[in-house]
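Multiple structures are listed underneath, in structure tokens.
In what comes next, chain A is part of two complexes: it sits with chain B in the first one and with chain C in the second one.
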Partner chain A sequence: MSDILKLDKKRLDKFVAALLSEYRLFGPVEANGLTRFAEVESADALKLDSNTDESAKGIFFPQVETILTYENGKTETPSGPDKPIAVLGIRPCDARSLLMLDKVFGTGKYNDSCWTRRYENALIISVGCNTPRAGCFCNWLDLGPFSKQGSDIALTDIGDALLVESCSEKGRGFLESSDEIPFRKPTDDDLSKAAGVREHAESSMEDKVDISSIKAVLDKSWDSSLWDELAGKCLSCAVCAYLCPTCHCFDIQDEKMPGTSRGRRIRIWDTCMAPQFTKEASGHNPRPTGKKRIRQRVMHKFNYFVDVFGEIACVGCGRCVRSCPVNLDIRYVIKRFMDAG
Partner chain B sequence: MADVEQVLRETVRKLLQEQKVCRVIGYARGSSALRSTPVFIEDEKDADSLVFDITCGNNLTQYLKKCGKAGDGRVGIVAKGCDGRAVVQYIAEGQVKREGILIIGIPCEGVLDHRKACDKTQGREVSEYRIEGEKVVLKGKDFEVSLDKFDVLSDSCRRCRYPSPPVHDVFITEPKEAASQEPECKEFDEFEKLDASERWAFFENEFSKCIRCYACRNACPMCYCEECFVDQSNPQWFGKSTDLSDTMIFHIVRVLHTAGRCVDCGACERACPLGINLGLLNKKVEKEIQERFGYTSGLDPDETPAMAAFDEEDKQEFIL
Partner chain C sequence: MPDNCYIPIPVTVDKIREESDDKTLRTFDLSFCDEKQAFDYLPGQFCQLSVLGKGEAPFGIASSPTEKGFLRFTVNRVGVVTTALHYLKQGETIGLRGPLGNHYPVEKFKGQNVVIISGGFAFTTLRSLAVYMFAHRKDFADITVIYGARRPGLLLYRDELAEWEKRDDLNLHLTIDKEVSGWDKRVGFVPTVTKEVAPSPKDTWAVVCGPPVMIKYTLPVLFDLGFPPERIYTSLERRMKCGIGKCGRCNIGSKYVCADGPVFSYAELQELPEQY
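Showing the complex of A and B:
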């Protein structure tokens, strides 16, 4: 308990100032009818009371990223960020997703320099979900609205103040070295408020469904007729994949400025839901049908990723549930396979 | 809507029993009270899963091309006014044969814009809803809110003139007459008052949100090209990034390609996960087509579509 500090919300500016002295700071910002992550320069810009419409993955794995530029046959690679990145106000689901992406891009078999140079020294400050939204199902994935996996510092909103807890050496180091932040010691009343907030959030979620056997079920489901049924209504758009905090497939494109010898090579998000995803130069497409594409997406998350990295590539953030235009709800998909399997 | 649903289920059951259709495209209850999901019924026993209410927003017409296999028999489709207009447009454009489709008309009072409802409930789970006159009451675990129905209706429904399909084979209860003129739409009137640079700025702002997920295109019944221009890779015509110039060119070409074909069903706007206002651009183009060529899409299957016809009297002062 001694690790927990209290910060009045009206002094959040001091916290932000301390972060800005060491980091480039990203946080949820409301603009244009949306809440999205953006770089911020003051505490006023932050919107901490609701989850973002888009996930946080774009901070570390941007939708479009220039990986080299060229002119007259000479290439140049962009330099890394001058300061490390801090994210303030990420939700526990998104914080956890970054650990998964790091397994793919950072600590696994391959080291993706574009990812590593942003994520390696990043400070992740999450805020618990006081009000989980419709469609949220992090509790199915061994997470909860106040999970701390992937966070260096975890915040709990108790009304006029935030409780601040370090969850890693990095987080502890930052808090201990930031004398100018006017932290206070939380009272017993503050701690019981926090417990109440947590309990309310957890009980407001729909019941947990045990999906621990989904990998084994899918091992036997390659030829299931359910794939046809799902593909029947799926629009093959990229809403699910692009809003997903763990989907990480990409394409590489070379773009030359017409009439010049200048151009750029960009890495852009891609999605297995698109027919072009696997189209080969010969014109052959090994996944030509919607059935094969939706099977790939479900299998990648709930089967192949488990095989390779030992965990399900889903954090239950619910964005795909809320935004699928035809209500192809991943919770329903998983339940259907479990029931059949 | 309970009566409408009863009649719908009974009608579909009978159509399948009598083998007048081989399958019916309709709506079933989705995973929450405010969502429906497309369903394809082949067995009369499944007819009871059909629903029809304010949550039935998908335009089902796009499934016609997927669902109709040669020699299978007629395909039935549950059609609101806008779905029906899209079917008519399909027939006019030679995409489906009139005799292959059985249009099950259903009276529509507008559909919900899920995002608007979500905003009003701070994103909390709605477990049930009811309509009370002009109000929609949304109820969840520890809340109940009463909203003006108009405030949560899809924008395209607010300005809709055609609540019932212009052509149908059977009708669930009674068709509603088309309104003699379009309902007043303040948002559109104000948009039209903007000058060209202000309109451009408006769309720049909207399209800056685009993540190129193509949900708008894929939810649109009129975007039925086998391969979309943005997906062509040999040659590749357009950039794939989310730079504003790339996203704008996609949306501009798409709206030009659906000019005189769009039925203003709003499926694109409802499908957008980031709430981009696509309807005003569609509506503006639809109005231009009406004024220049006297053509309204999706009303008459025998009329040649505006972009497929040429008349020496056509206005052409815009050609440079």
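Showing the complex of A and C:
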């Protein structure tokens, strides 16, 4: 308990200033009625009251990233970031998703340096979810609104103040070296307020469903007629993949400036929901139908990822649930398979 | 590979050869612009070749690591990148990332018989394998190559095949689909020829690459002959982008063709959902 500090919300600017002296700072901001992560330079820009509409993955895995530029046949590669990245105000679900993406990009025979040069030195400061949004189901995925996996520092909003807790060596190191932040010692009343907030958040979520057997169930569901039913509803719009904090599929494309010898090679988010995703130059397509594509998406998250990395590639952030235009609710999909299996 | 595994290294086009009589196939011999970037590889591995402004595409390495000084690729002109590659001139520079993927299990083949069965332009990495085994000839027992095409002009590496015919340490069976004048070798489909000339499955490993229809009818022949799925290997093709198991495109079940393959045994493929 001694590790927990207290910071008055009106002194958040000091915390932000300390972060900015060492890091490029990203946090949730509001623009055009939507919340998303962007680089911030003051505490005023931060929007910390609710989870963001967009996930945090784009901070470390930008939607569009230049791999190289070229002119007259000469190529140049962009230099990496000059300062490490800090994220303030990420939710526990998104913090956990970064650990999953790090397994994809940062492990195996090939290390994806586009990812690791941003993520490996990053400072992740999460804020617990006092009011989980409709559709949130992190409790199905061994997470909760105040989980700390993937966080270096965890914040709890107790009204006028934030409780600040380090969850890693990196987090502790930052807090200990930042003398200029006016931390105080929390009172017993503060701590009981935090416990109350946590309890209220947890109890406000819908009941947990045990999906620990989903991988085994899906092993036997390749030929299920449910895939046809889901494909009949799905529009292949891919908003689920766009918003998903663990969807990491991408394309590599060359772009040339018309009429010049200049251009660039980019890596850009892509989705298995798109018919062209697997279509070969010959015209052959291993996943030519909506049924095969939605099966791929569900299988990748709840079966293949478990096979390879030992965990489900979903953090229950609920973004796909809230944004699907035809209400194709992944919770319902999983439940249907569990019931059938 | 460079620190950033998406950065291609520059290679020079040293030689270009028209490979088929329909002009759809060209063979390129490439060399490293910077010899320090040269790498070792094994038969069955592939590379991403790229033309700036057009993009990247994966190709199996057709040269053998025992052949020094060049990397060989045979390219079928079918899309944007392959068309750009066909327009290349000698001396031009392109990008290359590799070597990628796994390889034929040459360690397992040691002291054993090997039968290579192929059709059409799928012969590329099998040429690599054959040349590799010739260079380490004492490590392997009998080597058989069964290779067919629709007509003589669609067989790859014809000059080299003529040289191979003179070898007394290779059973080479070339075949074409339909009789044409001037062809004095076999006529018949690859599965039929396989049935006639395949070696005994005892201590023998089969490597099969070809068009899906050839594979479809050759596998039952091998199973009938007594080859177990563990000793039949193939190399798969998929649309690929990253080539290193990250971009999510070329999976079959939980395996990525680029990173876990492209070489798989039929025993391995039987474990995967049927999507190849």
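We take it that the second predicted complex is superposed on the first by the 339 of 341 C-alpha atoms of A that agree within 3 Å, B and C clash if a C-alpha of one lies under 4 Å from a C-alpha of the other, contacts with A are read in each partner's own complex, and residues count from 1 in each chain.
Definition applied: a contact is a pair of C-beta atoms (placed from the backbone, for glycine too) under 8 Å apart; a residue touches a chain by one contact, two chains touch by 3 or more.
Since the model is a prediction, treat every value here as computed from it, not as a measurement.
Undergrad: After the overlay on chain A, what do you see for chain B versus chain C, clash or fit?
TA: Because the two structures are overlaid on the shared chain, the partners are seen to fit without clashing.
Undergrad: If we overlay the two complexes on their shared chain A, which of chain B and chain C does A:E120 touch? Say first, second, both or neither.
TA: Neither partner.
Undergrad: Where does A:E202 make contact in the superposed view: on chain B (first), on chain C (second), on both, or on neither?
TA: Neither: A:E202 stays clear of chain B and chain C.
Undergrad: Regarding the shared-chain residue A:T77, is it in contact with chain B (first), chain C (second), both, or neither?
TA: Second partner only, chain C.
Undergrad: With the two complexes superposed on chain A, say which partner A:F250 touches: chain B (first), chain C (second), both, or neither.
TA: Touch partner of A:F250: chain C, not chain B.
Undergrad: Tell me which partner A:E22 touches in the superposition: chain B (first), chain C (second), both or neither.
TA: So A:E22 meets neither chain B nor chain C here.
Undergrad: Tell me the contact category for A:E280 with respect to chain B and chain C: first, second, both or neither.
TA: second
Undergrad: Just chain B (first), just chain C (second), both, or neither: which does A:G263 touch?
TA: After superposition on chain A, A:G263 lies in contact with chain C alone.
Undergrad: What is the contact status of A:E30 with respect to chain B (first) and chain C (second): first, second, both, or neither?
TA: Touch partners of A:E30: none, neither chain B nor chain C.
Undergrad: Students often get this wrong, so check: with C-alpha centres, what angle lies at chain A between chain B and chain C, to the nearest 10 degrees?
TA: Approximately 90 degrees at the chain A centre.
Undergrad: Just the number, please: smallest Cα separation between chain B and chain C in the overlaid arrangement, in Å.
TA: 7
Undergrad: In the superposed arrangement, what residues of chain A touch both chain B and chain C?
TA: 251, 253, 279
Undergrad: Which stretch or stretches of chain B touch chain A in the complex?
TA: By the definition above, chain B touches chain A via 30-32, 35-40, 58, 63, 66, 118, 121-126, 141-142, 205, 208-209, 211-215, 217-219, 231, 233, 239-243, 267, 270-271, 273-275.
Undergrad: Over in the complex, which chain A residues touch chain B? Could you list them?
TA: For this pair, the touching residues of chain A are 32-34, 50-51, 53-54, 63-64, 131, 133-135, 204, 206, 232-233, 235-239, 241-243, 251, 253, 255, 266, 268, 271, 274-276, 279, 319, 321-323, 325-329, 331-332.
Undergrad: Okay, in this complex, where on chain C does chain A touch?
TA: These residues of chain C touch chain A: 1, 3-7, 50, 52-57, 78-82, 93, 95, 237-239, 241-242, 244-254, 259, 273, 275-276.
Undergrad: Tell me, which parts of chain A touch chain C in their complex?
TA: 67-68, 70, 73, 75, 77, 104-105, 108-114, 222, 248-254, 256, 263, 265, 267, 270, 272, 277-282, 286-287, 292, 296, 299-300, 303-305, 307-308
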